[in-house]
Amino acid sequence: MADVSLKNVYKMFGKTEVIHGISCDIKDGEFIVILGPSGCGKSTLLRMVAGLEVITKGDIAINGTIVNKLEPSDRDVAMVFQNYALYPHMTVFNNMAYGLKIRKMPKAEIKKRVSEAAKILEITEFLDRKPRQLSGGQRQRVAMGRCIVREPKIFLFDEPLSNLDAKLRVQMRLEIRKLQEDLKITSIYVTHDQIEAMTLGDRMIVMDNGYAVQIGTPLEVYEQPATKFVAGFIGSPAMNFLPAGLSADGKQVELHGGICLPIQNKGVPDHGAREIILGIRPEHFVLTEPETATLHLNMDHIEILGSDTLVYGHLGQDKTQLILRLPAVYHFKRNTILHLIVSSKNLHFFDKESKKRLKC
Amino acid sequence: MVEHRPWLTFLTHAILISGMVLLVIPIYVTFVASSHTLEEITSNFSLLPGSHLIENYKSALSVGPRDVGATVGTMMLNSLIMALGITFGKIFISLLAAYAIVYFKFRFRMFFFWLIFITLMLPIEVRILPTYKVAADLKMLDSYSGLIFPLIASATATFLFRQFFMTVPDELCEAVKIDGGGPIRFFFDILLPMSRTSIAALFVILFIYGWNQYLWPLLITTDENYYTLLIGIKRMLDVGEGQAEWQIIMAATILAMIPPVLIVIFMQKQFVKGMTETEK
Amino acid sequence: MEKRVIFKQKLLPYFLIAPQIIITLVFFIWPAGQAVYQSVLQEDAFGLSRNFVGLENFVYIFTDETYLNSIYVTMIFSLSVAIIAMSVSLLLATMADRVIKGATTYKTLIIWPYAVAPAVAGVLWYFLFNPTVGIVASYLKLYGYEWNHSLNGGQAMFLVIITAAWREISYNFLFFLAGLQAIPKPFIEAAAIDGASPLKRFWTITFPLLSPTTFFLLVMNVVYAFFDTFGVIHVITDGGPNYATNIMVFKVYHDGFLSLDLGGSAAQSVILMIIVISLTVVQFRYIERKVYY
């Protein structure tokens, strides 16, 4: 049980700064996900919490105590590695017991903890086997078992599901979530998979190039992305981006080719006459009558998923491709014109230069 | 092969069998000789085994040859001690050195690395006199330490272990750190067990190397009680005008061949692995 | 070269590496340095007088007939051993690569001579060719050929070459076989479909693809012949008759330990060091290139 506090954490490798001043307060029992593309520094950040990387500047505190100088073994954390890091020559039992043996726990206590963890994870029948005799999913559970028996202050996960096949990944996702809810241990989970981030985290830290670009609940990040990057990273298919401009009075969005979209209520008078990037999520387009439509899409091709239909098309002369997700099955022919409308609360405005969300 | 020509298969086997015979004949002849009496050898030598096998070996092991003051048994023991000492010694110090080089950062690390590397280029034969002097100065003549220590620094074993350590996933080391272990624990609980096959392969190669040492024991031992088996055999041949005790010599020779040959045959997999990996 | 994980301890690595470094310094570096130092001195056997003579020792040995003879002998010896050992082993390896039945048996029986020490190999072949009791010597006598390698230099050379090569065949066999088995079958099959006979396939496809192994073994065989064969010479011929088999490494031993010519022996050691270092450098240079092969 612990809260974790990151205060202005920086990391340099040699002369290169790779983590730029990240701050975040993680509450006790919270499941927080660090999400970002490859190379953004998320694993580095996790490893700094674990004590496997040195913190160049800033502080990391666990339960109020600054742990910068503490060795991993003194921080009372447990970690599930991407490749599980199971000791190949030891049985599953010994793998899980190893950390406890080092801490000189009595044998009976070790046995008790290992059997209980094995029961929760349903790996009791594997206790005598060696890792190479297990499947990927089983090994993953052993890796988690190794963490559970330690009863640590914090669970750390480093992309644990990335080596599993799709179906297994879904299953394990649920198990991890359930486990965390039962055990209520503070967890930090690193992934590049936005679905994992959306489904597992109480909150998420979205990282890009060493910066924490947004910190918030999954829904906050989804509905109010702080930058164009976050908006494009979360959500599949990705959000559509169009160059546009705001009218002088802030009541309309003007697209190329003279298309105008109205903005509800008072509009955005503070940002009048500004060049922006307009973002619209694929699922926010609604089919309507030609008279009420504000957008007319030329359809290029279509992907029927069974539950929805993905439509690819372009507006008028503009070559920018838009993706729509319609919640039913449609069989449109090529070059059909689709008449669409978008509610103005689903319009996202980003500053053209800074790519940051405009406050409305 | 691609074609199926029976005469080609026949030829292949014929060549292989002749090759085998060529390689085996000297050993066979020696074995046969070790089972005859001296008179039988010098007068009318037949290619079939004689009936004095046990007698000759017993005599060699317990009584020993006439002109050498130690028994073949003693000499075999010396060879064994030397071989095992060199083998375990090399493996031990190479494991430690490789571990230091791979898993630690310290000043002079690269300097030490190249220092060890240089020894690859200095086989004992190019430094016999001065090494002898050093051993003499350290009072190592006619002793087991003199037979063993000058031969146990080995760059090949260190590089083999280093190569292996580089392939051990970093995550294992990190998992140990998180589990609460330090470098000593990591070495004994994880690295060492994982190195088992490399150690076995090296054991085979190094034991053969140690057992077959000739030049260095020749120089460093004058006391017959410290003669190794190979040196003893040579002494037995050096009888000048007298009659060489062939039956004892042959028995000793067979005994000299048995341990390494047995190891190669029964640990062939490790032997091959050791050979191919140390030469990289 | 670098691992991401390291331990923080600063003192421990020094202790770990100490045994190897100490032994290396005491028994490798220091003696090697001494050899170089002694090669430019002239001192008597008891160390009572010591004069710096520069390269005089080197000049002396290069004008000494016995030394030049030993260089010549060593070259003949090593080339012969290398060529014989490599060709026979290549033949055997090629044959062994083709058979499926009995492959393991052949392999085991061809590899084991490697376990035999060169000195012991010397004893075995010495016994076969011994003028008094050797069976081969007796057979030769039946055909009217007098064999006595303690009198006939050529015969002595022949004997030691055969002995040294005998053992090296096993070593080469192992590597050639591994090299052959590493050649992807599709190469050979493609050539066969193109119409090449087995012999042609061997010379135009297999042999060139084997060249890294061949080169490697050539260097190893030469190093072996230079250095590891001391036991063979010492057991069979003692360098004779009349210096016919006086290879360089044997002469170093003889001059240093028996004749107590310290300066000369040291100079010879330095020459040998240079040879070994050059061979090792050549080997590594070639291996570097092999990586891009």
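The first chain written gets the first letter, and so on, giving A, B and C; residue counts start at 1 in each chain.
Throughout what follows, a residue touches a chain if its C-beta (ideal position, glycine included) is under 8 Å from a C-beta of that chain, and two chains touch if they have at least 3 such contacts.
On a predicted model such as this, the values are computed, not experimentally measured, just so you know.
Taken as a graph of touching chains, this assembly forms an open line, each chain in contact only with its neighbours along the path. Innermost chain of the displayed assembly, by C-alpha centre distance to the whole-protein C-alpha centre, is B. Relative to the C-alpha centre of subunit A, the farthest chain centre belongs to C.
Chain geometry summary: the mean Cα position of subunit A and that of subunit B are 59 Å apart.
Between the CA-based centres of subunit A and subunit C the separation comes to 63 Å, rounded to the whole angstrom. Note: centroid distance subunit B to subunit C, computed from Cα atoms, is 16 Å. The residues of subunit B that reach two or more other chains are 174, 177, 182, listed in rising order. Taken residue by residue, subunit C touches two or more other chains at 5, whereas all remaining positions touch fewer. Residues of subunit A in contact with two or more other chains: 52. Listing the residues of subunit C that touch subunit B in their complex gives 3-7, 9-10, 12-14, 16-17, 19-21, 23-32, 34-35, 38, 88, 91-92, 95-96, 98-99, 102, 106-121, 123-128, 132-133, 135, 138, 166, 169-171, 174-175, 178, 188-189, 192, 198, 216, 220, 227, 230-231, 234-235, 249, 252-253, 256-257, 262, 265-266, 269, 272-273, 276-277, 280, 287. Against subunit B, the residues of subunit A that register as touching in their complex are 50-52, 71-73, 77-79, 81-85, 87-89, 98-99, 102-103, 146, 150. Subunit B makes touch with subunit A in their complex at residues 169, 171-172, 174-182, 185, 189-190, 193-194, 196. On subunit B, the positions that touch subunit C within their shared complex are 1-3, 8-9, 12-13, 15-16, 19-20, 22-24, 26-27, 29-30, 33, 41-42, 45, 47, 92-94, 96-97, 99-106, 109, 112, 115-116, 118-123, 125-135, 149-150, 152-153, 158, 165-166, 170, 173-174, 177, 182-183, 186, 208, 211-215, 218-219, 230, 233-234, 237, 246, 249-250, 253, 256-257, 260-261, 263-265, 268, 271-272, 275-276, 279-280.
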